[in-house]
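Input: structures, listed below.
Heads up, the next two complexes both have chain A, just with different partners, chain B and then chain C.
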Partner chain A sequence: MREFIEVLITGFTIGIVYFLVAVGFTLCYGVGRVLNYAYGSFFTWGAYLAWVIAVGYASLNYFLVFIVVLPIMFLMGLAVDQVIIRPLRSRPEFEFSVLLATLGLAVFLDNLVLVIFGPRTKSLPAFLEGSVKIGGFTISWQLLAMFAFALVVAVVLFVFMAKTRTGMSMRAVAQDPVGARIVGIPLYRVFAITFGISTLLCGAGGILLAPRFFMTPLGGWTFLVKALIIVIAGGLGSIKGTLYASFILGILEAIVGWKLGLLWVMPFWFLVLFVILLVRPAGLFGATARKG
Partner chain B sequence: MLEVESINTFYGEYQAIHDVSLRVESGALVSIFGPNGHGKSTLLKTICGLMKPASGIVRFEGQEIQGLPSHRLVEMGVVLISEERHLFPEMTVMENLRLGAYNKNARGKEAENLELVFGMFPRLKEFAKKTALTLSGGEARMLAIGRGLMSNAGFLAIDEPSFGLAPILRTQVFEQIVALRERGLSILLVEQTTGDIAEQSDYIYLLEDGRIAFSGSKDEALRDDAVRKVFLGIT
Partner chain C sequence: MTAHMPDMNDGRTSGRRKEPPLPGDRPKALRLSRQTGMVMGMIVILALLPLALGDSNYTMRLLVVSMIWGGVAIAWDLLLGYAGIFNLGQIGFFAIGAYTSAMLSENAGINPWWGLLAGAATGGIIAVLIGLPCLRLAGIYIALLTLAFYEVLAPLLTVGAAIGTGGKRGISPVTPYSIGGYTFSGSNQIPWYYLALGLFIVCLAVGFFAINSRFGTSFVALHDSESFAQSLGISRYKVSLLIVGLSGLMTGLMGAFYAHYTGVVSPRVLGLEVFIYLVIMVLLGGIGKFPGPAIGAFIIIFVNDWLREFDRWRLLIFGALVVIMVMLAPRGMMGAIDSVQAAVRRRRESRPVEPGAEETP
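This part shows the complex of A and B:
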């Protein structure tokens, strides 16, 4: 029983980190109609940048890693939006064009990692050693730090979306782009900021999860698939749905990994996705489910 | 003052607006009447920057504004109140109104304009915390108008404000629009048919097949037999 609760705690922590990754993906689609196939590569870049900074310069000071890597990720997102996505927006087949363009970008970014860092796997050392006993449960400091950091980012994101003018304008664009133009919201600026935030969130996920998984130049694709499953299960474009789906699938991952081994995680994820879509075809909080 | 000089607007191959010119003097209430699907909404969208004219000029306070991005026009004070409303469905009434004051010239006057809107539509104050999605058709229309007023506009293009409203609300809304003119706003109003708003208009245009079929003062419009019959519904 005690072991089970420890597994639950792990699952909860993975869930909140997955939420960061998945919500970035869903924001990008909900606000800017961009189904970003390079998202996994952003994840890889976040992890490798963290590795460069942590191992090379910051002597494993993770606080410094976040401070340096997250703004870089944000700027990288802005650049990708301006250079690759914005020119496509005037096209009639935007959603499809952008899918192909980001797929191309993914291939480019992955191979850039391969050229710079080589094909061998790398691993980011754990942030913190040791563990702590809380009420009879043993929790590693690493897990606790991961949880704390992810929670802070998630809370900041929620407050940002709910209270700030920029957050409100992002929601407005997602809910009615024409309405947003009518009240004078500059769409292209909102698209750019959204893409930057999305990339930043993905990078944050990359940094936090890198110590748990080995890093390879193609490792990000797993997380693109995971983000896709979470987002579809929760309802594409819905932040609330993404939150629930992240926790459900994160906890599932921890339990399956504990009982059957990590190889079984993806089959179970697809099974749960299948069941959710059978019951609610648009996902937990998807648009049509909400209206009907 | 807002001036439109021979604009043409297309949906792909289909031309919706043919060589339309009109003007709205400062502080005037100008109405465009015409049957459904004859380009009235397209004309307003073109003026307010939601659609680009293929040719022609739109001038506001002497400055050419056609082709500018819509957020620039809103900053200048050219604001559309759409017939399709385009509210933010999952936000509260209050959030919708606050977003109406998004442009930088409106932010400083947010509190003042909010009071104005709540004075006009007390129902909105009552429902401030309700989600826009849950409003009735009439309430949603009030919110759309209220949100437009939050923008601190100098020129308002209002697309069928009475559409789908109960008669009593319709009269109320028209009274409020006339009151807006008293506050110095220039208003370009679009309706399918109506008697009462024509009475209050300073100038009247009829739009048929995307062309101006008639233009003139209220009295001239009332004297014109065809206009009376077809558009004003007076026999």
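This part shows the complex of A and C:
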């Protein structure tokens, strides 16, 4: 029983990190209608940049890793949006063109990692060593730090979306782009900022999860698929749905990994996705996935 | 914040724009004959090529691989370019065809020739099973779900060692075909080559008839005016399901052949590398420009071989190429040819009429 609760705590923590990763993906679609298939590669880049700073070339403090890497991720996102996504917006098949372009970008970015860092797996050491006993449960400091940091980012994101002008314009564009444009919201700037925030969140997820999983140049694809499943299960474009789905699937991952081994995680995720889609074809909180 | 898809032009995506027909646009019958010409030309060249190559096993091998992927590229393009179904799981059907045939011949001892049929059948059936729920959803959900299917297949095949998939290492060796006491082998590519050509012709024929029959026309009708097409009794769901099945069938067939040709199937077929090669073949040839994608397959296989010494840089180059192609030449080679032709025609149309030429009394 005690072990079970510890597994639940781990699942909850993984869940909140997955939420960060998945919410960036869903935001990008909800606001800008961009399905970013290079998302997994941004995850990889976040992890590798953290490795460069913390282990590879300059062994800096972990705290500095976030301060240095996150702005870089944001700028990368802005650049991709301006150079690749924006020119495609005038296309009749915008969504499909973006899908193919980001797929190519993903392969490019992954192989850039491969060329620079080589194919060998890398690992980030844990942020913190040791563990703490709370009410009879043993929890590692690492897990607590992960949880705390993810929680801070999630809260900052919610406050940002609710209170700041930029956050409000993002929500406005998501609800009604035409209306947003009429009241003077600069659409293209909002799209660019959204893309930047989404890559930033993805990079944050990469840094947080890198100590848990090994890093390989192609490792990001797993997380793209995980983000996809979470986002579909929660309802594409819905932040609330993403939150619930992340926790359900994060806890499921911890339990399945504990009982059956990590290899079974993806089949189980699929099973849950399948069941959710049978009951609600648009996901938990999706508006409508059926066509008109 | 919920997703909704307004039909109007909202700045995120501009509405579907249709190009007005050019004054000198060729009538449909002539267009069709260019397609026929290209298909016929390809078949004739491929049938005669071994005579010119003599016994260059290496080039023959590249050609066989090109034909395998050419068939898959045509099958995929039927969905992407003609039916407008964003299926990203095509390689999944290929792997399923390959595994079916290999497992039947290695685990059950069934003659590999039957594996061709079985691989095609399972490819088609799985495609329809995936299509049943997916095709009820909006296009972008199809892309998400089929990519998820593709990504989860490799772990499933690894876990599935219990039912004979061979786990991570896959199945190897896979028995080659044999006919009347003669067994195909790597040292003589001629039998493989003509078998591959036969299957490739099957794919070309299926693609050609799917596009030019009443069945293919219904997609044009649905694209031009969905509600009018439906009032004529065309059900998008039914025709989509049919074409998904057909595409899965062709892909499974090529997969089955691939398993026996290379003598090994493993989850590596589902690697990203293979997927991106397929993407760039179709893009280069031209999405929705049959038989462009098949020609794209030949070009990519040969260019890839030519770039062999760059090894690590190859995929980097191909990835960048996909981005550049999408941005600058979204309709690929065939699309470029089309627009050059259109420009030439427009020029001819706008040339001033020579004085006196028309006003002869």
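Throughout what follows, the second predicted complex is superposed on the first by the 284 of 292 C-alpha atoms of A that agree within 3 Å, B and C clash if a C-alpha of one lies under 4 Å from a C-alpha of the other, contacts with A are read in each partner's own complex, and residues count from 1 in each chain.
To be clear about the criterion, a residue touches a chain if its C-beta (ideal position, glycine included) is under 8 Å from a C-beta of that chain, and two chains touch if they have at least 3 such contacts.
Computed from a predicted model, the values in this text were never measured in an experiment.
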Next on the checklist: Just checking: does A:181 make contact with chain B only, chain C only, both, or neither of them? Give me first, second, both or neither.
Outcome noted: both
Next on the checklist: According to the stated criteria, A:1 is in contact with first (chain B), second (chain C), both, or neither; which is it?
Outcome noted: neither
Item to check | Partner, of chain C and chain B, that touches more residues belonging to chain A | outcome: C
Next on the checklist: By the touch definition at the top of the document, which applies to A:168: first (chain B), second (chain C), both, or neither?
Outcome noted: first
Item to check | Partner chain(s) touched by A:281 [first = chain B, second = chain C, both, neither] | outcome: second
Next on the checklist: I'd like to know which partner A:232 touches here: chain B for first, chain C for second, both or neither.
Outcome noted: second
Next on the checklist: Once chain A of both complexes is superposed, is A:114 in touch with chain B (first), chain C (second), both, or neither?
Outcome noted: second
Item to check | Shared chain A surface residues [contacts with chain B and with chain C] | outcome: 171, 175-176, 178, 181, 187
Item to check | Touching residues on chain A, where the partner in the complex is chain B | outcome: 165, 168-169, 171-172, 175-176, 178-179, 181-187
Checklist entry - Touching chain A in the complex: which residues of chain C? => result 1-4, 6-8, 10-17, 86, 133, 136-141, 143-145, 147-148, 151-152, 155-156, 158-159, 272, 276, 279-280, 283, 312-313, 315-316, 318-323, 325-327, 330
Checklist entry - Which bits of chain B are touching chain A when the two form their complex? => result 48-50, 69-71, 73-75, 79-80, 82, 84-91, 95, 98-100, 102-103, 147-148, 151
Next on the checklist: Under the stated contact criterion, what part of chain A meets chain C in this complex?
Outcome noted: 29-30, 32-33, 35, 37, 84, 87-92, 94-97, 99-101, 103-112, 114-115, 171, 174-178, 181, 187, 191, 218, 221-222, 224-225, 228-229, 231-232, 235-239, 263-264, 266-267, 270, 273, 277, 281, 285-292
